[in-house]
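Look for chain A in each of the two complexes below; its partner is chain B in the first and chain C in the second.
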Partner chain A sequence: MDWIFLAELSVNGALTGLLYSLFAIGLVLVYKSSSVPNLAQGALTMLGAYVVLAFSIQLGVPLWLAIPVAIVIMFFVGLGIEKVALRRLAGRPIVMILMMTLGLDIFIRGSTLAVWGGTSRPMELGVSYDPFFAGPLLLSRINMVGAAVSVALFVAFIFFFRSRLGIRLRAISDDYMASWSVGISVERGVGLSWALASVVAVITGVIWGEIQSVDQSLSLLLLKGLTVAVLGGLDSILGAVLAGILLGIVENVGSAYLDPIVGGGSRDLLVAIVLILTVMVRPHGLFGRHDIERV
Partner chain B sequence: MNSTTETDSVSDPILTLNSIEVLYDSVLLAIKGVSLEVPRGGMVALLGANGAGKSTTLKAISGLLKAERGKVSRGEIKFDGQVIGDSLPQDRVAMGICHVIEGRRVFEHLTPDENLEAAAPISMSRQQIKSEKERMYDYFPRLAERKSAEAGYLSGGEQQMLAIGRALMTQPRLLMLDEPSLGLAPFLVAEIFDIIQKINREQGLSVLLVEQNAVAALKIVSQGYLIENGRVVMHDTAEALKANSDIQEFYLGGGEAKNFHDIKHYRRRKRWLS
Partner chain C sequence: MLPIRKYAKGLAAGAVLGIAALSSSMAQAADPIKFGMCYDLSKSYTFITPQIVQAVRDLAELTNMKGGIDGHPIELIVQDHGNEPQRGIECYEKLKREGVFIFDMLSTPVSIAVLPRIMSDKNILLQSLVGRGDAIDGSVFSQIFPVGPTYWGQIANDIEYVRQTHNGSLKGVKIAFVYVDYPFGQEPIEILKTLAAKEGFELGLFPYPLPGSDQSSAWTQIRKFQPDAIVSWSLAKMHVVASREMKRNGIPMDKYISVNWLNEIDITNIGPAEAKGLKRGTNVAGGQDVPIVKEIIAELYDKGKGNGDRAKLNDVYYNTGLAIYSVAFEAARLAVEKGGWPLNAEKMKVGFESLKNYDANGLFAPVTVTAEDHGGGGKTRIEMWDGEKWVPQTDWIGAYNDVVWEVVKKSSKSFKTE
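Moving on to the complex of A and B:
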């Protein structure tokens, strides 16, 4: 067995996995406040990328400015989605909210296609594609940048959830009724979580837009992101990060050894197997919160 | 032993309910005309059996009805001389009404410390939050010992104390407690009621207490209302209620004849509801 090759596969897998985590963090934010996997997160990611491009390519704004502007815009888009589409669903069965996120997904994908068309556009982030060697390991620079952003975001959210505002959000995610009873505005909290998820979507959109360029297929990230979020436990940000690393390694190492045997395509199969096994064996994921039963 | 002075109670109640009706889902009439008064700085009990409309009355006052698709369809609620109308729960909390809902409902995955912090008003300074938390730990020393454990793992009594402390963090002038004795050992009920009485006496906090445990409730309140089938059927001082023979039979467990079938039926119902 070639250990260096295995190490290279693992490290690159972990880096890619952290990019899935980046996406999954957005899912976790909404899940925490609304107890629903946001099926529109993929479409939001794509929309975020298109908004960045609208400023950088169509209006000629430099990228370092276009990204923060897009973040601000998408923050308000997130607030708006909660206010217009979700607030009236509060207290309705979860499946209704889930269907609403599916509807939003289709709506956003349809409207981005109508506005920006189906051609693929580059993000032009300016990250070099020269090979980068860490010792004997060949690594991808853009993946390293993305992984760093992912970890930074993770740390930022850990601090955020310990702040006063973050504690309130966690209270909301624990118990709506009790939150109302002590004067916490649940509606505003849920709105904020959608806004933050939309901000994460912009960041994810920029990184993934650089990797695979911006087109409709960007919204398909949902499948891998959802797998990571489910594996991590849906409501745990730490879970999303670790599950991302794990899935990335399994996918990269597994497919490198399986592909020659089955003739390619085992990558997605492995992701599907992880998702199915998680739901079967450990429904609340690696770090998912389960309801506390006192004995 | 009663904490109210009867003089200012008559003149200027902090809370007045004027024949309110509550409608769920626009069809189900849960409360059919409840009128009651809580004197400023007084302690009032709202007694009655399961399903009589006690919790619904509290939710009408705190605004939590909205979350259950209920609304006040008739009558008016006045707090501190102001008609509440259909303002949001958070606005009522800001006015000074806080409702400790039934079943404790602490934020299970937050520590007691975070539970208290979550309930502090946004306008409260960091310094103030800290001193208010210290005040709660003075009232409930048991909480101080476990302030960094997850609240979901606290005992029932500790959770009830935390729920009350959390409500006090909102700086209420009227505290409404929904069945704080539920599922607790008698010595814990006594401990919690003692603290409520102490806060009422020291801070002049008005209290509206909903209880099935009439024995414990009538020990600390000055007056009580009895509610049955969504209507107030009796209103008197605590002494008079304790002496009333109907109350003794049905709510204080003093009567002789006990129909065992009713008791079983009641327990079965309770299991469904909890």
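Moving on to the complex of A and C:
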């Protein structure tokens, strides 16, 4: 057994997994307030990246300025989505809200294609791709940057959910009706969670845009991000972070040893197995609340 | 005398212009030759379809300006199928009712889906560069014309290039095949395994999953494998991710040989300097130093009549569109020449099968299509990005045809029994 090879696969898998955690945090934020997986999070991530590029490439704004500007814009986009599309669905069956997020996903993907076309564009953060060794392990700098951002966001949200505003959101997450009865504006809370998820989408879009360029395929991050969120527990940010690490290691190490035996394809298979087992054995995920039930 | 001569010259010039205008207007008035382009304009193939549609529109317009094909204008009907087989079939059926009998789906899954109907209806399917590789077997796929190289021919030519660069022998040479784990990426594996056994090279297979954003595990393993050459079956941004991983793993860019789906946009996204040394197998001559491209620029774009963004003319996919439809229009011309008007699918098939050493306006290696071989030769060449432009590294190669045809025959035989 080549232990260094194994360690390198594990560390790089964990770093990649944290990039998926970054995406999953956005899903968790909406789930905490609306109890629905936001199927438009992938499209929002793509939109966030396009907005950054619209400012930096089309308008010539420096990237360091374009990113915060896009964050502010997407914050209001998130608020707007809740106000225009989701507020009127309050009290309707969850499946209707789920379908609305699916509709939003298709709408955003179609709109971005019409506006920016299908051509991929670079997101040049200036991160070096020269080899970087930590002892005998060769690591990816952009993945390390992404992982650091993911952990920083996790810490920021830990503090946020301890603030007055965060506690209101937690209350909404715990019980809609009770929150209403004590005068908490549930609509504003849900709107805020969509706004924060949209902010996370920009950050995710920028990091993934640097890795793979910006095009329609950014929206496909949803599949892996959703798997991470389900594994971690759909309402747990800590779960999203740890599940990302776990899933990243399992698929990176597992596929490296299984692919040569089965002739490829084991990576997606491993992800599918993890997802199926999670739903069967522990539907509330690793750190989710126990009152989440299979419908 | 001078005024009379001047008058005569003016009269002659006027007559020439009049005849040209008349032939152009006659082309507009006569029955058109319709091409049904059911394309993916909104999903997976959007990295190529805008350039190809623009090229075909330009070529059709130029052809119509010259009087069309035997006086008949070319009419292009472009519709979106979103890479969905069912929508492709709907598009086919709709256009068939409108009198179209020449179709192009530019999508592997959609081409495969409509193929049985096309065969049954005895219509014509252009299938260059996509779809079933065994469709070059004209004895089985009588109505399908995948003129140009298949992925099987292309991978064989890539291996031939590696052989040429290793003093004519592949014994002991390590070749890594990195591919997106999807039917497109898996397509060359059988040929590769056959050639590895035949030539004695060590083959390493390194798949990565869709959408291709995460290739770190594959490249860590490739670094460990220490290949002499890396052949990649990837698309668009997957090359960008691969280039980053290569740099991170300290693998020189000049080992990378891409499938033809790598264009100038990908080079921009990788970074022109970073991409230096990268190679691709190409089906068409790229760049603007091609007579037909120069003519289109002079007759259309310089006069503000181009059918899209001028910047796309630098894209190899633009030239790909010109090449595919240069062949199609030439086949139509031969069909009318041999069978007369009205043109139908049967005559069009004869037109295609009459193509001899046709180089698609200088864009393809010369192709000769026969009733047996609907591919026309399957030649490609390797070119290298030198930091500013593509530089051909080889002449057009058509290697290991025996191996490719063996696989083609084996596969097409199974279609007969399906």
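By definition in this document, the second predicted complex is superposed on the first by the 291 of 295 C-alpha atoms of A that agree within 3 Å, B and C clash if a C-alpha of one lies under 4 Å from a C-alpha of the other, contacts with A are read in each partner's own complex, and residues count from 1 in each chain.
To be clear about the criterion, contacts are C-beta pairs under 8 Å (C-beta built on N, C-alpha and C of every residue); 3 or more make two chains touch, one makes a residue touch a chain.
None of these values were measured; they are calculated from a predicted model.
By the touch criterion stated above, A:Pro68 is placed in contact with neither chain B nor chain C. Legend: residue contacts after superposition of the two complexes on their common chain; A:Gly265 is shown touching chain C, with no touch to chain B.
Contacts of A:Pro283 after superposition: neither chain B nor chain C is touched. Ranking chain B and chain C by residues of chain A touched puts C first.
When the shared chain is aligned, chain C comes close enough to touch A:Thr119, but chain B does not.
In the superposition on chain A, contact of A:Trp180 is made with chain B only, not with chain C. Of the two partner chains, chain B is the only one touched by A:Arg168; chain C is not. Contacts of A:Gly103 after superposition on the shared chain: neither chain B nor chain C is touched.
Overlap of the chain B and chain C contact sets on chain A: empty, with no shared residue.
Of all residues in chain C, only 42-43, 46-47, 49-50, 181, 186, 205-214, 216-217, 220-221, 223-224, 236-238, 240-241, 244-245, 247-250, 265-266, 268-269, 271 touch chain A in the complex they form. Those residues of chain B whose C-beta lies close enough to touch chain A in the complex are 62-64, 67-69, 88-90, 92-94, 98-101, 105-110, 114-115, 117-121, 150, 152-153, 155, 166-167, 169-170. Listed in rising order, the residues of chain A touching chain C in the complex are 5, 8-9, 12-13, 16, 110, 113, 117-122, 129-132, 138, 140-143, 208, 211-213, 215-217, 220-221, 251-252, 255-256, 259-260, 263-265, 267-268. Those residues of chain A that touch chain B in the shared complex are 90-91, 164, 167-168, 170-171, 173-185, 289, 291-292, 294.
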